[in-house]
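In structure tokens below, several structures.
What follows is a pair of complexes built around chain A, which joins chain B in one and chain C in the other.
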Partner chain A sequence: MRRNSWKEYQKEVADDRYYYLRSCIRQNFFPGSEKAFLKIVGEELGRDIFDDPAHTSCTGIGYHSDIVPYETIMTVVARQFAMMTEAGYENAAVSCITSFGVYTETLETWNEFPDIEAKVRENLYKATGREFRKPRNVSHASDIIFHHREEIGRRAKHRLVNRFTGEPLRGVEHIGCHYAKIFPREGIGGVEFPYVLAGMIEAWGGSVVDYPERRHCCGFGFRNYLVQANRGYSVANSQKKFESMAPFKPDFIVANCPGCAMFLDRWQYTIAEIEGTTYGEDGRGIPVLTYEELAGLVLGYDPWELGLQMHQVDVEPLLNKLGVDYDPAAKYLVTNGRYIGCPEPAMVNMGAE
Partner chain B sequence: MPQFGFSISKPRAINLDTNDQVPAERLLQEVPELKTCIACGGCTATCTAGNLTDFNFRKMHTLVRRGEYREVYEQMDKCMLCGKCRLVCPRGINTRAVVIKIKRVLGDY
Partner chain C sequence: MGKYYDMLMEDVRMREGLKACMNCGVCTAVCPAAEFYNYDPRQIVSTVQTQDDDAIEALLRSETIWYCGECMSCRPRCPRGNTPGYVIQALRNLSQKLGFFTESEKGRQQFALKKMIGEHILNTGYCVTPRMVLPERHQEQGPVWKWIHEHDKEVYTMFNPTYMNEGPGAMRRIADDSLQEIRRIFEVTGGMEMFDAIERYSDKKARELGFDGADEKYLMYTYTENNNCHH
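And now, the complex of A and B:
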């Protein structure tokens, strides 16, 4: 029986004509992800997506660390909307969860306080001479992949199935806090039943791990991370999640937030070095992917073009289970064959031997 | 092992229901303006004793308000009652009185 109240947990996602708002940090953390998103949406699905070189960082990290005032960030957001208006687009596709939270927070503020919106419009006009229309739809990039998940599933070269056992791969999905914990109606499934990543895993043949600390924060938390002395709190949060998920033997973790994917990956290395604990099988770490990387692997993209060599925890065990054909010798070679150097061996990748 | 400059914080739970709040409430009765403390830490930043030892007045005050009194009495011995903290307190709290009263109410601990 369908529950009427389930409607409250749905979200409208635009189907075409996206204006892409990139993340400032994802290019460093996961250098292939945004490129893969543009390729999937633009070439694979044939949708119109505009990657505007003139748009800027949303300054969200500065905002959340009390360096950028709210009035300033609202004006930066207004400028992004002005660029979008000038390019003739109405649907914002936001790459980063922090930015997504900032855009929804700004729009909500303008909705509640029209005088603030008027003031921001005036500030923007005085500073840049630009004017803007508010977007018709603001979707996170993971919403858009979720929206097209069935189509991606139909084109899949690899299903999320363990080719050695025939069992569905067990995926841990981790949703960024600013995706739906600020404005639940802006997320698919709201804050209680976030389905955006679980829907992708299920549509592509995997099974979703439900573990006690599933909705716990990854621990990034800006202040927890930005001040070195506070990083112990950050890593403690991730550790709580790892300890909770490890008994379910997940094959991979997928996250839709730059900070979550970064820290769930890097903190596994840190915990292994400090305490000697690893959480994956054979004494290794659990591979962590972004949703674009997961979609890219499903679509059969080359893992090294997706940037998977930049992950702290080696992804090869997952690639073997998926049956991805990859060249181990090409891992640290970039497109023109240049060797980019190889990291030192780390305990998190050594395994039981 | 690489030096990270931090370690993994251990989980820590405070059970306010089982902690003995009587001394904390007595302290608040004696210095009611303490309720207006915004925990800015100005007292600790300007503290002479804090510059010479690991004495941290804001931390001690927070512990007492939560009903965690271990070591607080001994820590309070480090205060020299110079009163600089009182000069900088943006809420005008008589911090010297707080030190004296904490020692008085925690005499049994």
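And now, the complex of A and C:
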């Protein structure tokens, strides 16, 4: 019965006509993921999605580092909505979990305190001369992939099955705290049984790892990573998750939030360098993917066009299990096949051989 | 009611985040910061609830309010519908307005955050850009990031030909008129006032500590100093 509890938390996800709101962290560390998302939604699924050069950061990292006041970020959010209104769209497609939390928190505040919404409208007009309509629908970009998961599954070039054993690949899913912990009804499956990523894994043939620290924070903690002196907090919380998931021998981790994907990748490198501990097979790390990368691999996209060479933990063990036909020598080539050198080796990539 | 409590209640997040705490401690049980630091969100909420001016001022000057990672894991767990994370946000906001944040090592880090994230938002329209994530300040990013950082133009243009130029796509350059609007929003809504307060109080504290004001040296001090007495 518990397994189906996610069905109690359903949310409306718009089917078409999306206004894309990019993520500072995703485009910084996973630019191929945002490109893949636009390709999947626009070309594979034939939906209308608008990538507007005029929108900016939501300033969420500044807000959760407490240097940007709530009144300020609500007005930046209002400006994003004004851009969306002017472009003729009503459905926000948000590429970042921090931003998603900020948008939902802002809309909730406006619902409960109409005087605050009125003040924000006044401030936005004073600052920019712009006005806005509130969105009809706010979905995280992963909600949109989840919404279309069966259609993506029908187009799959690769199922999430280990081609050497025939067994479903074991995926750890990490949904990111601000997806559903702030407003559980805004997340598919709510806060207890989030299904947004698990649903993708299952629809594409894989199995989901349930492990004790599944809901624990990745350890970002905003100021606890951004300031060098505090990073022990961040790595310690990630390590708690790795220690908890490792006995289940996951084939991959997939993350909802771009920050989580980056930390779960980079802290594996750090822990290996500091302690010599690795959590994946054969002395390597566990490959970490964004959900766009996972969908892209299922659809048969080239891993280097997806940007998987930008990860610290090698993804090749997973590509081999999936049966992806890739050119290992092309990993670090740039446009026109130009070679610009490659990264130094690291313990997390060396393996036990 | 105490004056600090009244000031806190002007923040809508306090009205949303603190109803009546029964001290059950569930928030502390799930808190990633409580696992790592000598930190107890239950105790903070309990103190604020007393409305006692001396006790709240001590909090505003303390290390304690700066440990929270704002993950909001506490929010869905509280049986009374409180959000200790929101209470922390309100306390930090007030601590900066009153200048108390410079009295703690963790609080002084707000200067580094303002310089690195805050000014970056105003200058680029992003919280983070590739050139900003310096490998020497981010050893944990590893050799792949170092390779990306050294070849950022070659790497990012594979995904977006308008990298750091105007147009759509990942890490595009945000146009000056959009940046002007963001700056105006900060001016109109108190964002710039907050930045100025952080600068002003940090400069005063920097001089007290023997620096020549809130300069690059003080910035690196706030970014790296750790007395290891937080656990």
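Keep in mind that, in the parts below, the second predicted complex is superposed on the first by the 344 of 353 C-alpha atoms of A that agree within 3 Å, B and C clash if a C-alpha of one lies under 4 Å from a C-alpha of the other, contacts with A are read in each partner's own complex, and residues count from 1 in each chain.
In this text, a residue touches a chain if its C-beta (ideal position, glycine included) is under 8 Å from a C-beta of that chain, and two chains touch if they have at least 3 such contacts.
All of these numbers come straight from a predicted model, not from anything done at the bench.
Student: So if we stack both complexes on chain A, do chain B and chain C clash, or do they fit?
Tutor: Taken together on chain A, chain C would clash with chain B, as the superposition shows.
Student: Touching A:275, do we find chain B (first), chain C (second), both, or neither?
Tutor: The answer is first: A:275 touches chain B but not chain C.
Student: Using the superposition on chain A described above, determine whether A:307 touches chain B (first), chain C (second), both, or neither.
Tutor: Once the two structures are laid over each other on A, A:307 reaches chain C alone.
Student: Can A:172 be said to touch chain B (first), chain C (second), both, or neither?
Tutor: A:172 contacts neither chain B nor chain C.
Student: So, A:184: does it touch chain B (first), chain C (second), both, or neither?
Tutor: It touches chain C, and chain B stays clear.
Student: Where does A:233 make contact in the superposed view: on chain B (first), on chain C (second), on both, or on neither?
Tutor: both
Student: Which holds for A:144: it touches chain B only (first), chain C only (second), both, or neither?
Tutor: A:144 contacts neither chain B nor chain C.
Student: Using the superposition on chain A described above, determine whether A:27 touches chain B (first), chain C (second), both, or neither.
Tutor: second
Student: Once the two complexes are aligned on chain A, which partner has more residues of chain A within touching range, chain B or chain C?
Tutor: C
Student: Among the options 57-65, 93-101, 147-155 or 165-173, identify the stretch of chain C whose C-alpha atoms clash with chain B after superposing on A.
Tutor: 57-65
Student: Overlap of the chain B and chain C footprints on chain A, residue-wise?
Tutor: Residues 228-233, 235-236, 240, 270, which sit in both footprints.
Student: Quick one: which bits of chain B touch chain A in the complex? Just the residue numbers, please.
Tutor: So the residues of chain B in touch with chain A come to 1-2, 4-11.
Student: Under the definition above, what is the set of chain A residues touching chain B in their complex?
Tutor: Touch residues, chain A against chain B: 228-233, 235-236, 239-240, 270-271, 273-275.
Student: Which residues, counting only chain C, touch chain A once they are in their complex?
Tutor: Its residues touching chain A are 11-13, 16, 32-33, 35-37, 66, 68-73, 75-76, 89, 92-93, 96, 106, 109-110, 112-114, 116-118, 121, 125-130, 133, 137, 139-148, 151, 154-160, 166-172, 174-175, 178-179, 181-182, 184-191, 194-195, 198, 222-226.
Student: Touching residues of chain A toward chain C in the complex: what are they?
Tutor: Residues in contact with chain C: 22, 24-25, 27-28, 31-32, 34-35, 51-57, 59-62, 64-72, 74-76, 79, 101, 109, 112-113, 116, 123-124, 126-128, 130, 177-178, 180-182, 184, 191, 215-217, 219-224, 226-233, 235-237, 240, 266-267, 269-270, 307, 309-312, 332, 334-335, 338, 340-346.
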